[in-house]
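Quick heads-up: structures coming right below.
After this come two complexes, each holding chain A, first together with chain B and then together with chain C.
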Partner chain A sequence: MSTAFIECEHAAKWYGQIIAVNDVTLSVPGGVTGLLGPNGAGKSTLLKMMVGQLRPSKGVVKVLGSPIWGNPQTLRRIGYCPEHEGTYEDLTGLEMVTALTELHGFGHDDARARAEKMFGVVDLKDGMHRRLGEYSKGMRQRAKLAQAMAHDPEVVFLDEPLTGCDPLARVRILEVIADLAREGRCIVVSSHVLHEIETMTSQILLIHKGQLRAEGDVHQIRALIDAHPHKVRVECDKPRALAEKLVTQEHVVAVTVDGEAIVVDTRTPDRLYPVIPEAAKSAGVYIRALTSPDDNMAAVFKYLTETSS
Partner chain B sequence: MIAMGEASRIYARMAWLRMRRGRVVWLAAALFALPLVYIAGLAIAGHWGRGLFDDVSELYFRFLLPFVPALTASATVAEEIENKTFTFVFARPAPRGALIIGKLWAATVPAIAVVVPSLALAWLVAQLRFPADMADTWPHLLRVELAAVAGLCAYGALATAIGTLFSRHPLVAVLVYLMLIEAGLGSSPIVLNLITVHWHLRNIAELPLPDTAFMAFSVPWWGSAIFAVGVTPLLVWLTTLGVNGAEYRTDR
Partner chain C sequence: MSAAKANAAKQAKVMPAKEGTILDRGYAPYQGLYTPEASRWKVIAGRMLRMSARQWWAILLMIATVIPLLVCAVQMWIMSKLFAMAPPGVQVTSPDTYVMLPWGTMTLAFLLALFAGAGQVSDDTRAGAFQFYFARPVTRDQYLVGKVVPVLVLTMFIALVPAFLLSLLRLALLPSGAEVLKKLPLVGATLVTGTVEALVLAVPAVAISSLSRKRSYVQGGYAILYLLPWIMGSIFSKVTRSPWPTLFSVPAHVENLARFVYRMPLPEGERALPVWISAAFVALLVAGSFALLRKRLSAVEVVAS
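Our next item is the complex of A and B:
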């Protein structure tokens, strides 16, 4: 029996003339695997085929040894955290996660206990009785993570789980993902930000224009990316104060103030990221969001595409 | 896979919780309170008996029964698609049809719970001056009640089916259908009015039917009852078939 949790065999998905995923063959072992690619690369489409929400136009997508499309037995064993923000705004976080867990066959009380436990795991117990419509983006991401895990799945799919999260939420989500991997599960995390994936795993699948461009160790990609300037966008309440603190740091090439945010250019992002919270703390600045714009990732993919051709 | 009945119950509870906290349920309740005001007005104006009850029934069958389910059931599947929440529920080992049945249940059962006593109250008020006629007129009340229950189910299923097909603007699509087909064709003097729920409900409830000028058919009331009751599972089944094989995208 194969040790792979997920297998794609010449999987393709097209919508009319548009090819979203093109002849992808891959296998995913246990632990955390990063599905990396720029926006529009086909990551979400591939992920939706892996969770049985899209039927492959060609080829097969197997999860835990069985084709996933139209297969409720396998759906019972997977968890999915979608990328979008849409939730049941009129329900509380606890009500939504309880109901979704009940749909896995758990009784109401059991499902509620599991949901409460998961809200504890994602550090959202204080907010679980609030309506989802009142949640911040980071709280929504954590609630979505809770619904993906409450039924104790063997395989968890997380589509851009860190998008829009504040630094605290990011840290908590990263810890949860690391815990899931330690428990021997298979976790597939999609992201268009290399640094995000690097903090979770060194095992990556690189997708570009619907095709699998590379798979393996993230350090090889890191070597490529270091040759390019890296931009980090920090949204905060006092951008000028933070810019003053950061501009003196040795890892910073340039700092630009852009409205209520600053954009930091660096060639060593892995060294820069730990410096930002320290600088914010000493300047008394509140950070709302930390993102890496796509441009840099697009440049790496352009480089990869050029070298492969 | 979790059983259809159990999954439907979970979806129904979710839908009911959300409806209760939204505005639609209050709007629907206000609309259903309208006949009580209407009947009070007619009684004060001196209308009593079967005439009064039929006037109130007209308000139900022409307006409330088709349009309230349009408000509460048209977005059953459509809102899941437009808000992308289907990604949560379709990743579960539950039959997709349960989503339709559960939400339809949540929209229809409370409406039935309001309409049935409301019609009975209207009948009681109408008969207040003629208590001796009650024994003769209660079979008529039963037929009106049957037509109302079948109508709420059928219009709910119709709204769900049309709303699923036109998920961008479900309410508009359902209202257009109701205006053109149910209100327009159902009241027109041509034999095609037989395909409308509206015509059959009136036939069951002993309300005046439109004069059909060409190829008139006479349908017994129980024939209309079979049509009105049977159309609901048929529409639910067709909607489920459509949703079962469907792939919904989130990138539009």
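Our next item is the complex of A and C:
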């Protein structure tokens, strides 16, 4: 039996001659998964197919083992926090979340209790009786998060959940997402702000021009990108001396001196790391810091989206 | 993409999930009972009804409804006295007349349908509220019913309640129990006429609201569709002395049906379309509006707002 919470099998979506999502096959395990892509990459379309709001033009999108389109039984088990507002300004936050929870099949009193509890979880209990029209952007985000979770879903989809949030709200939302993942649920977070995703997970789906460009752990994906040498930055007291030692190594592609540091380009970082201390020792260099500036989400994103442009 | 990169992406895809990210797995899916799926529309309708009922226009129109009710009640009381005292052979307006479509209420019901109905779907389309509804176990049909019912209920409050109360007053003003029994069908007639009037006003208003994102366009379109055939039809009908110019006039058909239900004869010199035409028009209008709504909503895909 598959352990994937979400599966796309050759899923595609087109509008006339415009292909928004092109033949995407993927699976999403439990925990937090970041859905990355530049603006217009197709991530919102893919996300909307995953939450059953768009019917795939081709292929199938399954959530919890069943096709999601037109499937109320599965829709009951998912939560969705959309990017756009779409709320009734005249309702209070509590009224909105209660009504939306009722639509999941809970009685009014149960739905209200769940909504109140969820406002507590997102730190918005003080504002839950205020009209939505009076909410700040950050409060709206938290109210939307509350409506996505009040019915206790197994899979939660969050579209740009941190947009417009102040630092305190950001911290709270990140904590909530981490808690959901820790409990064993599946959370898909769509964002084009890479550092937001990086604070939540290293598990990504990268979409570009409607196609799935990468899927999996960001560091492992980076390791597989061989067209771009890995960069290793070494901060030390005698950078030129260390550069002289390292440049002779056959797996080193280039060495750049950058102030009190050197940046070493290599195709095999695993072979480079043991060599650096030896070279430093023989050159009498004191190493202060060792970092890998392109072994991160931004670099992977840049490499995989730039190459196809 | 180079072959190496394609290979890289392929390998990444089959990589297992990073281990150790899920720590406690304390989550257990909800195993309790759910409310029946068919009742989802009630949640939407209830919320919409409460929201609409606290708008200024709804309060104003409902208060305004008291005026025709009082005017007709006083007229009915006076006429019932005159009717009882009138010697045989003297023509006095029947007090029953005031029960049928109380003066001005149809205009008020039209305005209520205009305000309440116009925003039902268009506001959701504009604000992107479908993404909240349809990410839940709510079908398009449940949504549709949930949107029509509140407008219908509010419109019935004006189209039905005054006539119903007047029919009760009419019964109360009758001198004997035998006459009360004789006039009892009047109450049923108010219910039928009020329901037909509310349906014919409310459902098209909601249907038109599915055609545009802008509430003002919907209101304009609805007002034109209702008022233009009514005004033009009335004018041409007077000029030509024929009922056919009123073929597309909603008030003319409602009045025609009401006369039939109340068994009220036409005033002397006036002509009306055959009742079956009015019945067919009303049925087509309501069914067509439902069909339009269903068509607009059944294929709703929630694209980015």
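Note that in this section the second predicted complex is superposed on the first by the 219 of 309 C-alpha atoms of A that agree within 3 Å, B and C clash if a C-alpha of one lies under 4 Å from a C-alpha of the other, contacts with A are read in each partner's own complex, and residues count from 1 in each chain.
Note that contacts are C-beta pairs under 8 Å (C-beta built on N, C-alpha and C of every residue); 3 or more make two chains touch, one makes a residue touch a chain.
All values reported here derive from a predicted model rather than from experimental measurement.
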Simultaneous placement of chain C and chain B on chain A, clash or fit: clash
Which partner does A:R288 reach: the first (chain B), the second (chain C), both, or neither? neither
So, A:K137: does it touch chain B (first), chain C (second), both, or neither? neither
Of the partners chain B and chain C, which touch A:L91 in the superposed model: first, second, both, neither? both
Taking the superposition on A as described, I'd like to know which of chain B and chain C A:L54 touches: first, second, both or neither. both
Report the partner of chain A that touches more of its residues: chain B or chain C. C
Mind working out whether A:D217 is in touch with chain B, chain C, both or neither, as first, second, both or neither? second
Looking at A:L75 after the superposition, I want to know if it touches chain B, chain C, both of them or none. Which is it: first, second, both, neither? both
According to the stated criteria, A:R267 is in contact with first (chain B), second (chain C), both, or neither; which is it? neither
Could you say whether A:R182 touches chain B, chain C, both of them, or neither, answering first, second, both or neither? second
Considering only the contact definition stated at the top, list the common interface residues of chain A for chain B and chain C. 44-45, 48, 51-55, 72-73, 75-76, 78-80, 82-84, 86-88, 90-91, 95, 99-100, 102-105, 147
Contact residues on chain B for chain A in the complex? 1-2, 6-7, 10, 13-14, 17-18, 21-22, 83-85, 87-95, 247-251
Which part of chain A faces chain C closely enough to touch in the complex? 26, 29-32, 44-45, 48, 51-55, 72-73, 75-80, 82-88, 90-91, 95, 99-100, 102-107, 147, 151-152, 154, 180-185, 201-203, 212-217, 220-221, 224-227, 304, 307-308
Please output the residues of chain C touching chain A within their complex, sorted ascending. 1-2, 4-5, 7-9, 11-13, 15, 17-18, 21-27, 29-30, 34-35, 37, 40, 43-44, 47, 51, 54, 124, 127-139, 301-305
Spell out the part of chain A that touches chain B in their complex, as residue ranges. 15, 44-45, 48, 51-55, 72-73, 75-76, 78-80, 82-84, 86-88, 90-91, 95-96, 99-100, 102-105, 131, 147
